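In what follows, a single structure is set out as structure tokens and then discussed.
Every chain is named by a letter (A, B and C) in the order it is written, and numbering of its residues begins at 1.
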Amino acid sequence: MSQLASWRTGSTRVLPGFGLSMGISVLFISLVLLLPITGLFGQLAELSFAEYWAIITEGRVVASYMVTIGAAAVAAIINAIFGLLLAWVLVRYDFPGKRLLDALMDLPFALPTAVAGITLATLYASSGWMGGLLEPLGFQVAYTWVGIALAMAFTSIPFVVRTVQPVLEDMPVEVDEAAMSLGATDGVAFRRVILPHIWPALVTGTGLAFVRSLGEFGAIIFIAGNMPYETEITALMIFVKLQEYDYAGASAIASVVLFVSLALLLAINIWQGRFVRRLHGGKG
Amino acid sequence: MRRIGDAPLIRRLLIGAALVLSALFLLLPLVAIFAQAFSQGVMVFWSNVSNTFTLHAIGLTLMIALLTIPVCLVFGVALAWLVTRFSFPGRRILQTLIDIPFAVSPVVAGLIYLLLYGRNGWIGTWLDGHDIQLMFSWPGILMVTIFVTCPFVARELIPLMQAQGSREEEAAVTLGATGWTTFRRVTLPNIRWALLYGVILTNARAVGEFGAVSVVSGAIRGKTNTLPLHLEQLYQDYNAVGAFACAALLAFIALLTLAAKAGLEWRAARREAFA
Amino acid sequence: MSIHLHNIAKHFGTTQALEPINLDIHEGELVGLLGPSGSGKTTLLRIIAGLENADRTAQPSKILFGDRDVTNVHVRDRRIGFVFQHYALFRHMSVYDNVAFGLTVLSRKRRPSSGEIRARVFRLLEMVKLEHLANRYPAQLSGGQQQRVSLARALAVEPEVLLLDEPFGALDAKVRQELRRWLRHLHDEFNFTSVFVTHDQEEALELSDRVVVMSNGRIEQIDTPDELYREPKNRFVFEFLGDVNHLEGKVTNGVLTCGDAYWHVDLPDGHEELLLRPHEVRLTEQPTSESHLPVTITAISPVGAEVRVELEADWLAQPWLATVRHTDFEHLALRRGQRLFAHPRHWRRFPKAESKATEQSRVA
């Protein structure tokens, strides 16, 4: 209420540039972010609901949902564990090469996805360095859903590390000491004190990694093999429909992807907000 | 000082695991890129890079990045200024909206632009009537690149400007500074490193964007092929060494990005230590 | 449980935080470690707790709790209660869960039944008068309430030794006063051995059975508050325990002169620095044959039991502080800018070489 009041009276607007920055921001968001989405709805409007439903529930498309969600879930779980380990090691320990390891964490964000894609495909193909090692052992990575999960995990690992790291850094030493002085062993203290503390960040990071994996395209298509019903991801389905000039079909599937991603993003935001409020006594 | 997990055994085990996994998962691919690119010698790498089509792709990619950065910069600064210096209804919604490009699949991003500005879209039809073609040409590539990169500058600035608060700007205003002077003399020096980092991230993504660009580009060699698209074509043509030569160029930019980030962070940490 | 410390020293890198220290704390005692920041008091407390290790030196160090040698015992097994300056409550746990934590992490063999835990936690919460807030989260409590939860949490495991690191340092004056009284009461009732760290001399003197005054990693004096105030062993202790006025000058033939001020003292010739407390300064309108110390009043603060008066003079390097009873204040009709004469009632000197104090009283 007080915020609203101050907005009306303008008492908080001591600084200049409100109109200008508001103008630029709103114009930009409308033109660049929101307007194009109307194109999608325009296209969808040309479909009847039955047609729409038929497209998005077609066997091959449903199979692609399964592959995408399944692989993204596996990638997210791997990242939650691996990302937590990396964040922990980077925050809690000192060792030679730490700075380098820290810098390396951002590689998946900095490296173009297509580059990651052809590299992983080459590494894990049967003639590649990793593939040559794993295949004799019976692990096939390239052209299976394992490869898809691997590519997804690669492109999204920084989400977990970079979300958990600052929270772990901000954790006061006294919390560790309090837990130990009360008799908790390392395992118990980690599970009951540290993990709950970083839980919101870990879930947020993992959630963001999952959302990113659902939409990932460039890194996956090279290693996936793209066999219909087997290793075809939803983003590729959209791409294939477009190449067949089936704009309606592409839009229908895209609307599902878009809806799921935005809903997840919203859910993560709300969930995070709830936690922040509890930990900061409603003042956050 | 004792902390949880400081026992030497646990410590060594965890550090070891982190190093081994990172080496396999992150470092090995990086090494592989350069190993593949130079697998047939420097001369072959050079001829791959200096090929007309590759040079054109490099040129187009750089042009797109150069055009994207100023747009994202203006938007990012304006939005960050707006949401951190004023309170108004809808502020949180604006902050959530700029995350859309992060959540939207690049392919979907390309698609929605194609639908709107392509020959069937309502703007596209009008443009077609005036003989303007945005899709399957470089303006289309630029538009989707701006879409996918626009959050980076704002996302870097908002937390920093929030933490710094507006005291200094208020002080400048009470001393009689105009809006522009306040921004240039007070705000800008405080945010320049975050701004620079935002630009570096924007650049990295603009140069490397693949999914969205591949939908709207048409990928015509020597015309609308960016470096990542060119790399894909070479790879599909079974010219792996050529593809990795392009990949090495892009990986090099990525490494520069990482180095710049590490440098900026080191700078910030040092300044904090002296403060 | 008595605490016996033998030859405890600590280095951080090249700086020596603690010189080798021996200290005995008796069973049931409430001991305050008092000193300025950097004096090593917190380090000492953390070594007692086991949060920090003492240096390994040629002469072995030893920490005994009663007869139990805990020198190499990990903090989690020392059975201490530790209260942190900033409470260090677990933010994601309710007040109840915070207090119950120490009990629920016990090995299954030693852990009380859940009903018993519940009963014990509520008994503690009742004791700290917070039973109605059991389901709140730490962020929803005030600083004083958080510190009470922190105390209840430390006491839940029934420690033999309670250690408190600047427990009231982060609280405002009124709450601090209240919690102090309440800690004293708790200590008397439960009769555990407590050690607390503070940089506030008033707190240390009010709360402790004995005070350990520390500076630069050394123990300067260990005594009861009364003895400490009355018989400071050295200049540091004297200066740290309250406001001090300095009088520096040259003594010739039993007269100390400093600018146009002079004063008869019973001291050999030479340069002297004398120290006196604010209540040891008397103010009159006229000089006496004994002393001629002209001063000007620059500030008056009539708050509290006595009136604090700030005095300046060109023969003084630093202003003096004097405390005057309210009746005298009215009698003398003191006001700012008034010129008066100061008369020391009692003073001390601490020669540089020997730390033995000389003092002299004078009938006012």
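The working rule: a contact is a pair of C-beta atoms (placed from the backbone, for glycine too) under 8 Å apart; a residue touches a chain by one contact, two chains touch by 3 or more.
These numbers come from a predicted model, not from an experiment.
Engineer: Of the pairs A-C and A-B, which shows more C-beta pairs in contact?
Structural biologist: Answer to which pair has more contacts is A-B.
Engineer: Measuring between Cα centroids, what's the chain most distant from subunit B?
Structural biologist: Max centre-to-centre separation from subunit B belongs to C.
Engineer: Mind having a look at which chain is the central one, using mean CA positions?
Structural biologist: A
Engineer: Rounded to a whole Å, what is the gap between the Cα centroids of subunit B and subunit C?
Structural biologist: 57
Engineer: Quick check: how many Å separate the C-alpha centres of subunit A and subunit C?
Structural biologist: 54
Engineer: Roughly how many whole angstrom separate the Cα centroids of subunit A and subunit B?
Structural biologist: Spacing between the chain centres: roughly 16 Å.
Engineer: Identify all positions of subunit C at which a residue touches two or more other chains, and write them in rising order.
Structural biologist: 51, 75
Engineer: Residues of subunit B that touch two or more other chains: which are they?
Structural biologist: Within subunit B, the residues that touch at least two other chains are 1-2.
Engineer: Two or more other chains in contact with one residue: find those residues in subunit A.
Structural biologist: 177, 179-180, 189, 193, in rising order.
Engineer: Which residues of subunit B touch subunit A in the complex?
Structural biologist: 1-7, 10-11, 14-15, 17-19, 21-22, 24-30, 32-33, 36, 74-75, 78-79, 81-82, 85-89, 94, 96-108, 111-118, 120-123, 143, 146-147, 150, 166, 169-170, 173, 178-179, 182-183, 201, 204, 207-211, 214-215, 228-229, 231-232, 235, 240, 243-244, 247, 250-251, 253-255, 257-259, 261-262
Engineer: Give the list of subunit A residues in touch with subunit B in this complex.
Structural biologist: 3-4, 6-7, 12-18, 20-22, 24-25, 28-29, 32-40, 42-43, 82, 85-86, 88-90, 92-93, 95, 97, 99, 101-120, 122-123, 128-130, 153-154, 157, 173, 176-177, 179-180, 186, 189-190, 193-194, 208, 211-212, 214-218, 222, 235-236, 238-239, 242, 247, 250-251, 254, 257-258, 261-262, 264-266, 269
Engineer: In their shared complex, at which residues does subunit A touch subunit C?
Structural biologist: Going through subunit A, the ones touching subunit C are 172, 174-175, 177-185, 188-189, 192-193, 196-197, 199, 278-283.
Engineer: Of all residues in subunit C, which touch subunit A in the complex?
Structural biologist: 49, 51, 74-77, 79-82, 84, 86, 88-93, 101-102, 105-106, 137, 139-140, 153-154, 156-157
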